[in-house]
Amino acid sequence: MEHRFTPTHYHTTLGPHKPVLHVNDGDTIITTTVDARGFDHRREQVTPRGNPQTGPFYVEGAEPGDTLVVELQEIRPNRRYGFAGSSVAPNVVDPTYIRELPQMALGEERIDAEWDVDVEAGTATLVGPESNLGPLVLPLEPMIGCFGVAAKGGQAISTATSAEHGGNMDYRGFAPATTVYFPVFEPGALFFLGDGHAVQGDGEIVGSGIEVSLEVKVTLRVLKGKEIGWPRAENEDWIMAIGNARPLDQATQHATTEMLRWLQQDYGLDALAANLLLSQCVRYDLGNIFDPAYTMVCKLNKKYLRPLDN
Amino acid sequence: MEHRFTPTHYHTTLGPHKPVLHVNDGDTIITTTVDARGFDHRREQVTPRGNPQTGPFYVEGAEPGDTLVVELQEIRPNRRYGFAGSSVAPNVVDPTYIRELPQMALGEERIDAEWDVDVEAGTATLVGPESNLGPLVLPLEPMIGCFGVAAKGGQAISTATSAEHGGNMDYRGFAPATTVYFPVFEPGALFFLGDGHAVQGDGEIVGSGIEVSLEVKVTLRVLKGKEIGWPRAENEDWIMAIGNARPLDQATQHATTEMLRWLQQDYGLDALAANLLLSQCVRYDLGNIFDPAYTMVCKLNKKYLRPLDN
Amino acid sequence: MEHRFTPTHYHTTLGPHKPVLHVNDGDTIITTTVDARGFDHRREQVTPRGNPQTGPFYVEGAEPGDTLVVELQEIRPNRRYGFAGSSVAPNVVDPTYIRELPQMALGEERIDAEWDVDVEAGTATLVGPESNLGPLVLPLEPMIGCFGVAAKGGQAISTATSAEHGGNMDYRGFAPATTVYFPVFEPGALFFLGDGHAVQGDGEIVGSGIEVSLEVKVTLRVLKGKEIGWPRAENEDWIMAIGNARPLDQATQHATTEMLRWLQQDYGLDALAANLLLSQCVRYDLGNIFDPAYTMVCKLNKKYLRPLDN
Amino acid sequence: MEHRFTPTHYHTTLGPHKPVLHVNDGDTIITTTVDARGFDHRREQVTPRGNPQTGPFYVEGAEPGDTLVVELQEIRPNRRYGFAGSSVAPNVVDPTYIRELPQMALGEERIDAEWDVDVEAGTATLVGPESNLGPLVLPLEPMIGCFGVAAKGGQAISTATSAEHGGNMDYRGFAPATTVYFPVFEPGALFFLGDGHAVQGDGEIVGSGIEVSLEVKVTLRVLKGKEIGWPRAENEDWIMAIGNARPLDQATQHATTEMLRWLQQDYGLDALAANLLLSQCVRYDLGNIFDPAYTMVCKLNKKYLRPLDN
């Protein structure tokens, strides 16, 4: 079944909030998200800033210990205006270099970069501020910065950060045609989404992608009795395990551990085989190195898994 | 001028050692390296283990404050046997997961994975140890794990680690058709190289690539009066700034800072332009997360730089 | 006014929960806390494990932007039985040393150390497990492991961890005759407390102190319009700024920054004076290096502040 | 035997340099050190800056695998002038707070604090720069910032940093009446010392103590066949294991691991006993959080060890 849902309010924590809609296993939701500052497709602010989330959606049958499957089918900016940071964040450069940044990347002093987001042309074009860079036109690569389920242990966790339940992971791999898996901690899973980016660099080093409001189409399914430790994802070519923590070392440890478990639990590998397979084939993506929890992604090309499928 | 050099002894520190050969700016050297344990193309141990280095080569005219340019022209395994770790290193997984590793990755307890390296076929094939993985055949992607110049401040730094002078960076991007730049700290630069890998995953998470002896062809040049802070590299498509430190956060800070400086110093960008360009276009590679200093690479696709070249 | 409050239920998150009692600015509360696993003074489990908290107490007049003052007047174990970890936690030793730990410190495999807590004698005596250590008798130094106010931004944060609102800081300095300051994020502040320790080493390196149930007497006051960034504390001799984060480096940054602000805001120092005073006089305590967020304390002896008081 | 040694040259790396003096096991050396910038007791610069070291002293009989024992008998500033940083270092505060530091703590822009060091009175008095701090008089607590033996593996390591061989640990516990143990990596151990501080705060957070030239009296002994992993120390009350690394988490891991080994190797404890003893009794000191490698000290009061001595 396909639901068209128009949000009327938003959340800045991922926790056990009252569901806005109940859906069944396998249902599809078409909805919209506002941008990181709460502005919608008309550039009107409809809710306070801070990655406000559409949802939560209650998925019938999902129980703690299950896995929620989120198929990202369409992620489409629904306005032309995108904003972004214009200065690398202080924590991403050497402490002694910070004063050479064009401005501080945090707080009200931040000067926005403005981008023209043209969905028809498939491009984002830098409009300002003035610099000697000249024209910069990038291909659109829309993605969702912050999404996930109600946090574990009855917590309500800020949309500024991320953990086992997902949240503000700001990973450019969360793009259309990707399937994402979240551990379920509350009945109904309680799925949230928001914080769309038209484009984002690795690491989200200016503290933002090109921030936009979105129209999104997702399908939600439940894997009963399937327990995972961290978000997982896959697309046509890759399987990906996502670790969220600070410092990067620990995010990497979480992601790598989850990948080793995945290979053993779902692909029938013994521990030695899982280690040998990763050893020379593993790849890592830096999701974000800006948010309170950083995100590292441990990934493996599916071509190495196909021989294992039979 | 082209020099064929056959090493007779090796070094396990990068410091102000006696040069084995003096070459001129622009000269090419064809030489060999032993593997990380000091074994040569005949699988005979000719020097103690620990990434033994061929060199140092003294480049006439190179002075502290200059930059040494190293064109990696050919990197070719010169034997069929490659060894590798078979277990992810303890520091790359969650501390509570370590006991589930097939073995500890450090010390004498490590069980080697054995790989058949076939240069003609362009493949590396896993030979052992026994697991339920089945056959694994990878395309060769030869690279140099440890290379660089004499360390700064008169230091002699172990080939186990890395710093501003290069060293054991274990980054899979140090492959043929790549040009690498090192800051010069000693007269003649004193260039060293060794620790060849037939293939390596991101992060070198088992503590090794597929370790081989090599035949290598490099051309050395000097950029007089050109001062850089960290190793830089470029190939046909990318410019790359390399940061070496622990934790990964600091390696990332070094790499990002060096990239920002590079864009401003060499491409004529003002600070704001450099930040705007990186903001949504930056990519990061995880070189290694195993050695005493980790390696992160901040890179930018050259297509964004071409409009700046005129 | 003095309130005697007997808890009937407990919380394992610090968030905007329904108050159990409303008190006025300056009121005193005498109450009890259960141990980290939810066992009370009779060694009966009355609530699920995880540092269950007594409270929250609503303090009339406290508003976001104020500071809650908590005078820790009495902290008294109310039973003889204390338990503790018996093995240093995996994340506190070198990854390659973990297998030499007597056991893994996490999860159900942990073997408790049992301590006899004698409040009359003022001692804690190790009862078991059997080792060749011989008798070990320590002076009681009771403290509160986890306490604070409802978290910021409407979050409900697990009692496993800590942040600006306090929480599971596990710092041995939170002892009787100490006054603690918390930033207020919710109306009424919503004060929680629990997780008593009869004794605790620096760092809480076995994942626990000597865990006990407590009788506690605290007085709560409100500083209207006083805004602080992180918990602060003082006793007869010291002022202390508390930073909670991972890694330790960041916890240290938070604590040091808060101390610099404190000296400038409350003691009339200019920036240079605050820096000069800290420079050679600063001391640090390691609160915990076990919980998801570590705790570092930046402190200064009050003898250096007395000349500034007039 | 007692040697009076007057240095004529200095080193800024700890490596296999030519010994300036050969001494026997048990000999005492009385010598001087210049300050961190190479200035002597007359405030004349006699060697380039960078913690220049007196030595190395070759101790007859010391071989790799032994331990060098250094009894710090006297450490006495030999001039009245001391300088120090006046601004907390950028890496010790939140990245967003750096611009509020009175100045950047690194590089030539650093403004010195000047201290009057009065050995007779036993005080250090702040002379400048001007601030609203008023008079600040501290008791002298002289210590050695940088000392140790030739580094391992034939390395020559900068006096800016530290590792297993000691080096620039900047720990205020390296004071008179302390005995320090270093692992020996080169024949003769090759002992170096320098970088005296009249006073130093925890963490050396301004990048310096009160920097002075010293007169020092040390006695050197060799423990044949005694192998340790990291520097150790003891004074009348404490045993201390020193870990040097970045980040602080890893320094703490090294120190804690070394302490656990120490208790088992030298005090006859089994693994469980060593863990139980540390669990509630351990203390940590923050040596430095400024240098390239940070220093954490894991320590235990000797009163808990006395029952084990018989």
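Letters are used for the chains, namely A, B, C and D, taken in the order the chains are written, and counting of residues starts over at 1 for each.
In this section, a contact is a pair of C-beta atoms (placed from the backbone, for glycine too) under 8 Å apart; a residue touches a chain by one contact, two chains touch by 3 or more.
Values in this document were obtained by computation on a predicted structure and should not be read as measured data.
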Steps needed, at minimum, to go from chain A to chain D via contacts: 1
Looking only at C-beta pairs in contact, point me to the busier pair out of A-C and C-D. C-D
Inter-chain centre distance, chain C versus chain D - centres from mean C-alpha coordinates, in Å: 32
Which chain A residues sit where two or more other chains touch them? 91, 95, 247, 249
Taking the complex as given, what residues does chain B use to touch chain D? 12-13, 15, 50, 153-158, 160, 245-247, 249-250
What residues on chain A touch chain B, complex-wise? 84-88, 91-95, 97, 100-102, 113, 124, 126, 129-136, 138, 199-203, 205-206, 209-210, 247-249, 252-254, 256-257, 260, 268-273, 275-284, 286, 289, 294, 304, 307-308
Per the touch rule above, chain B residues touching chain C in the complex are 89-91, 95-96, 98-99, 104, 106-107, 247
